[in-house]
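We call the chains A, B, C and D, going by the order they appear; numbering starts again at 1 in every chain.
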Amino acid sequence: MAPLPYVVARKRRETRDVWTLELEPVDEAIEQIRPGQFTMLYRFGVGEAPISSSGDPELGFRLVHTMREAGQVTRGLCAAKPGDLVGVRGPFGNAWPVDTARGKDVVFVAGGIGLPPLRGAVYDVLAHRNGFGRVVLLYGGRSPGELVFRSDVERWRSRLDVDVEVTVDTAGHDWRGNVGVVTKLIPRAPFDPANAVAFVVGPEIMMRFAAAALIERGLPQESLWISMERTMRCGVGLCGHCQLGPTLICRDGPVYRWDEMRPWLEVAAL
Amino acid sequence: MAEVLAAADLGVLLGALRARGYRVVGPRVAAGVIQYAELDDAGDLPHGWTDEQAPGRYRLARRDDDAYFGYAVGPHSWKRELLPPRVRLWQASRDGLAVEEEETDYQPTAFVGVRPCELAAIAIQDRVFLDGRFADRDYAARRADVFLVAVECGSPSSLCFCSSLGTGPGATDGFDLALTELHAGEHRFLVRSGSSAGNAVLADLPTRPAARADLETAEQVVEAAARAQAGRFAAEDVHDLLLRNLESPHWDAVAERCLSCGNCTLVCPTCFCTHVEDTSSLDGETAARDRVWDTCFSLRYAEMHGGNTRPTTRARYRQWLTHKLATWEDQFGTSGCVGCGRCIAWCPAAIDIRAEVAAIRQEDAHAHA
Amino acid sequence: MTRKPTLAVWKFSSCDGCQLSLLDCEDELLAVAGAVEIAYFLEASSAVARGPYDLSLVEGSITTPHDAERIHQVRRVSKTLVSIGACATTGGIQALRSAHRLGDLVSAVYARPEYISTLRTSTAIADHVPVDFELQGCPIAKAQLLEVVGALLAGRRANVPTYSVCVECKRAGVPCVLVSRGLPCLGPATQAGCGALCPSYGRGCFGCFGPKEQASDVEAPSLASAFGR
Amino acid sequence: MTRTKTIRTDYLARVEGEGGMTVRMRDGEVTDVKLRIYEPPRFFEGFLRGRDFREAPDITARICGICPVAYQMSSCLAMESLAGVEVDGQLRALRRLLYCGEWIESHTLHVFMLHAPDFLGAASAVELAQTNPELVETALRLKKIGNEVMRVVGGREVHPINVRVGGWYSTPSRAALDALVPDLEWALEASLEAVRVAAGLDFPELEQDYLFVALDADGEYPIDRGSALVTSAGTAFPVPAFLDHVVEEHVEHSNALHARLDGQTYLVGPLARYAIHRELLSPLARAAADEAGLEPVVRNPFRSIVVRTVELVHACEEALRLIRAYEQPAEPALEVVPRAGTGHGASEAPRGVLYHRYRLDDDGAILDAKIVPPTSQNQRMIEADVRAFVTAHATLPDDELRLRCEQAIRNYDPCISCATHFLRLEVDRG
């Protein structure tokens, strides 16, 4: 499958090394992407990387992707200027099962660059706010400078119908929020574990601790969802790279119910 | 309906295929092994040759008859044809990011001498590349016009274990024509058709209807081949066995011998892992993407920003074996192994997957005794 | 157009084979000369442009006290430094001498050993200065050299695999000489890059490309900006 | 008051390896010429000790990336002579073909890319590509053809892998060699043209009275082997007696050894081969030399560039001849059983005679190795040329003089990497 050309319509810097690109099709567009799904973004002559949609699902054919400069491809993508072309393949993978949370409390837990893959789902829930119980967003970063989407987070925090807690691992004196890992926010977060659905994204180790804390609070395993990451070359389940035990993450994931993934995450270096 | 073709008329079959526009590829002796390469006529086939195989060892030897297909399997598999080691996927020019996909206008090809285990392997790769949500364009194009001439197995090697996996030595389906080479009496082939394309080719051949004796002899050939490999591998519970032993100390024991060279995955007829190589011209005006064979044994295979998910040989060997024999089933609904023995013969460290499974089985039995 | 990136080629103790690989890119040499300004390349040119250089290719190993100094100067004038060939990445075949007593070697070759000043060992460039990328091979493969230069210009990761020669051997469809002929072969432990040359000529690999999966995975800073992309 | 002056080049360009030159003058008289070789010593002879005799071709190839075939051939010949094996027939024809490939590649590299810029006032072939694009394109194509011959026969252009003591690991098919023919036919035409171009260059004046030394190859123009050495003085000695005549000495200013033959400074390489074996050149090569007006003995070292182009013609014609007569041998190699003793081998590298001697034990382990590369044999002669040139042209301005001195050194296509086991230009007028 060959990439389709998209033009960088807008570009925003989120942090020192994280950028958001808004892309519009030059000609043909990929299918409508849903929150949780990803595309393979191609920088001409450099290569391709899987990047989750971070956009509002209402945006239609406009794609929004937020990425950290992790290596050559992401660095190349982040260096793209408005008007530059990038290649897009997708959408790939599955979406957040937001509907399973209808009528229930919704808990979003994000670590670092884990917030972008969740943002579309947050937009989705807020767009249909009446269909859900309490909405909680717990967001942690290493330092205040590494927090993304600060204006979104502020906007959500100012809403009375959303509970937002932000924490950082380490901070200077000018930081007046929480300090500590994000999982520490879980025990006192305002939701009813017996009747809630949680969506968690972050480094694997963070997701494991978050899951433990959520289950400890009484959240059923079946109500807990995470998003997985592995190297991907094709995005369509044919190159083998993203295997983890019985699944191919690009094909069967990246979103998994916790109890499906837990046994495999417990085996080191699987 | 079965027919009989005289061995002397095998060339007519190759000619009939060529007349229908097929490129004919099959076994021939080259560089000391039986390789798959283009065939000009029946004389190119390895008649009178067999292969002697043991873990880490393969030698050609003379047979005392002039069988055309009197060997087991060589180092090549049909994946060379259907999933070639390197394929250009597309190229693009900087200007307008115009991406041009490669032509996939491939010449129809007849595979001659496909073993039943190889039919099974092709069926497995078909599932991977054609049956999912995204079918692979290049594989689909290459596969579309393939004519399969299977040859049932009469000379399994000491490494074959298809009968344990139900993938051979007889051919039941998935072929256009299936041959069984018969020696008792006249040197001849029992020929069966498995498709309308097969029927058409069969009609071109100077055959006679099979007699009861022909059919019985063919059965005996296959039965003898099955008997020769009886008990070599216990496949039934291997999925659960391996998955409940992911932390077995035996993985460390294999890791001490395994060189992480990747030969096993590359000779395996079902292994499909690939890497993409993005390249660009020196002037920066054009770029391209190639797809190349990869192996889960390479260190970079599992490298992500921020770390390697399988940094040890232990982890990589475990990935290979559990994928082949267990998680493949979860991913694609079939085993990833057809019992051809190639990974055993072509492992420079003479590692035998059957022996490794047996060792884990034994340990498991101890642990649960 | 912005300035072309500058290329310098440096030589330490070596056979010249790796620099020659650059001149051996007959089909691409003029394209290379179009993409970069060849600013310092003594073997090919007497014109010497002054540093600093965007990309330095360094051939050869460090064997004399003078060279141990000189490599630091080279590092100082080089934005990106790529060491090329077995000599530069591992000490090369002359590193064999480390296994011999140096005195014996000097007297075996030279009648007046007192004239020779030499380090006790032959060491890799990376043992002396930070290196951005190591390109293995004795000699390097010219396609890989072009790939590294092209990748640096494009700001991408070079397609220089670190896996075994066996992977290339199997891709090429060469029957394994170890399994089918019983020849000793270093392919399983040796880094790909040669295209499984020896097995394809019916001999076992003897390790020209060095140990596999050793290459530093350091990302060289991209030259794309220098190239105006 | 005496006036002294020093002309000095710290790093010689367009030579293989690292060296410099110093010329010292006092009152217009040259007092000292030194070619200094910085190329660090690499001690190949030392670490060959203890290695298996079969490893010699692969190890010694690494002495020089420019003429690895020469090293492989001389070492194989030494081992084979010791074992009493003679590689002949088509196996030998392939060796000569491989060597022709190296001559084509190496001579093209030197003539067009390293030497021609001196005559045409350019700094490099890349610069030359601006003013003389066809010339550079021709050069690149010729060089590629030489490399292609080496790739097909030897596996790769630098450090071929297919050469072994006793023959080859595998031999090319007739079809693989036939595929080289059209390119070689083009190369033959291109090298004939190269002779005409080279002959038309302007040469600085210098006539030297050389003692020429080359291999004697029993009626053939010497390339891949030879049984004896012959000199322009009419003397000859067999290859095994090489070290009885050639003595290498270590001088302080250089990491390379200096050789003398029976106490005399001498010259090996294209000028020597041509002077001694002109009659054995291929018909077209001889005709080209005649047409270019090349005298039977060339004594102006600057005109060595013409001789190299003549040899280029010879190498192309010879390669074609070998290919046309080729039949793939049944076995790629002869068996070579080692025995204790001393073996000698010599072949004609593009730069001149390359001599190897090995002493083995019963198991074929190398006890002792001695390698005498062409550049160290020529080094004294290079210094003598520079001295003669400076003496004759002492009035030239310094820059011009330095350039000409460098050019005088490049006349030799000195391969410094080989010589170390071996250069810098410094002209010191005080």
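Criterion: a residue touches a chain if its C-beta (ideal position, glycine included) is under 8 Å from a C-beta of that chain, and two chains touch if they have at least 3 such contacts.
On a predicted model such as this, the values are computed, not experimentally measured, just so you know.
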In the chain contact graph, what is the shortest path length, in steps, from chain B to chain D?
2
Nearest chain to the global Cα centroid?
C
As a quick test, compute the distance in whole Å between the mean CA positions of chain A and chain B.
40
Can you compute the centre-to-centre distance for chain A and chain D, using the mean CA position of each chain? Integer Å is fine.
66
Whole-Å distance, chain C centre to chain D centre, using C-alpha means?
25
Could you list which residues of chain C touch at least two other chains?
154, 156, 202
Residues of chain B touching 2+ other chains?
278-280, 284, 287, 294, 303
At least two other chains touched by the same residue of chain D: list those residues.
none
Inter-chain touch pairs (all)
A-B, A-C, B-C, C-D
Counting only contacts in the complex, chain A reaches chain C at residues 45-47, 71-73, 75-76, 79
Of all residues in chain C, which touch chain A in the complex?
154-157, 219, 222, 224
Which residues of chain B touch chain C once you look at their complex with the stated criterion?
30-33, 35, 56-60, 74-76, 80, 85-86, 259-263, 266-267, 277-284, 287, 292-295, 297-300, 303, 345-346, 348-349
Listed in rising order, chain B residues that touch chain A in their complex are 89-90, 92, 94, 96-101, 128-129, 132-134, 136-137, 243, 246-247, 272-276, 278-280, 284, 287, 291, 294, 296, 301-306, 309-312, 314-315, 318-319, 322-323, 327, 330-331
Any idea which chain D residues touch chain C in the complex?
11-18, 38-47, 49, 58-59, 62-66, 68, 109, 113-114, 117, 123-127, 129, 136, 140-141, 143-144, 147, 155-159, 161-162, 164, 169-170, 248-252, 255, 257, 332, 368, 406, 417, 421
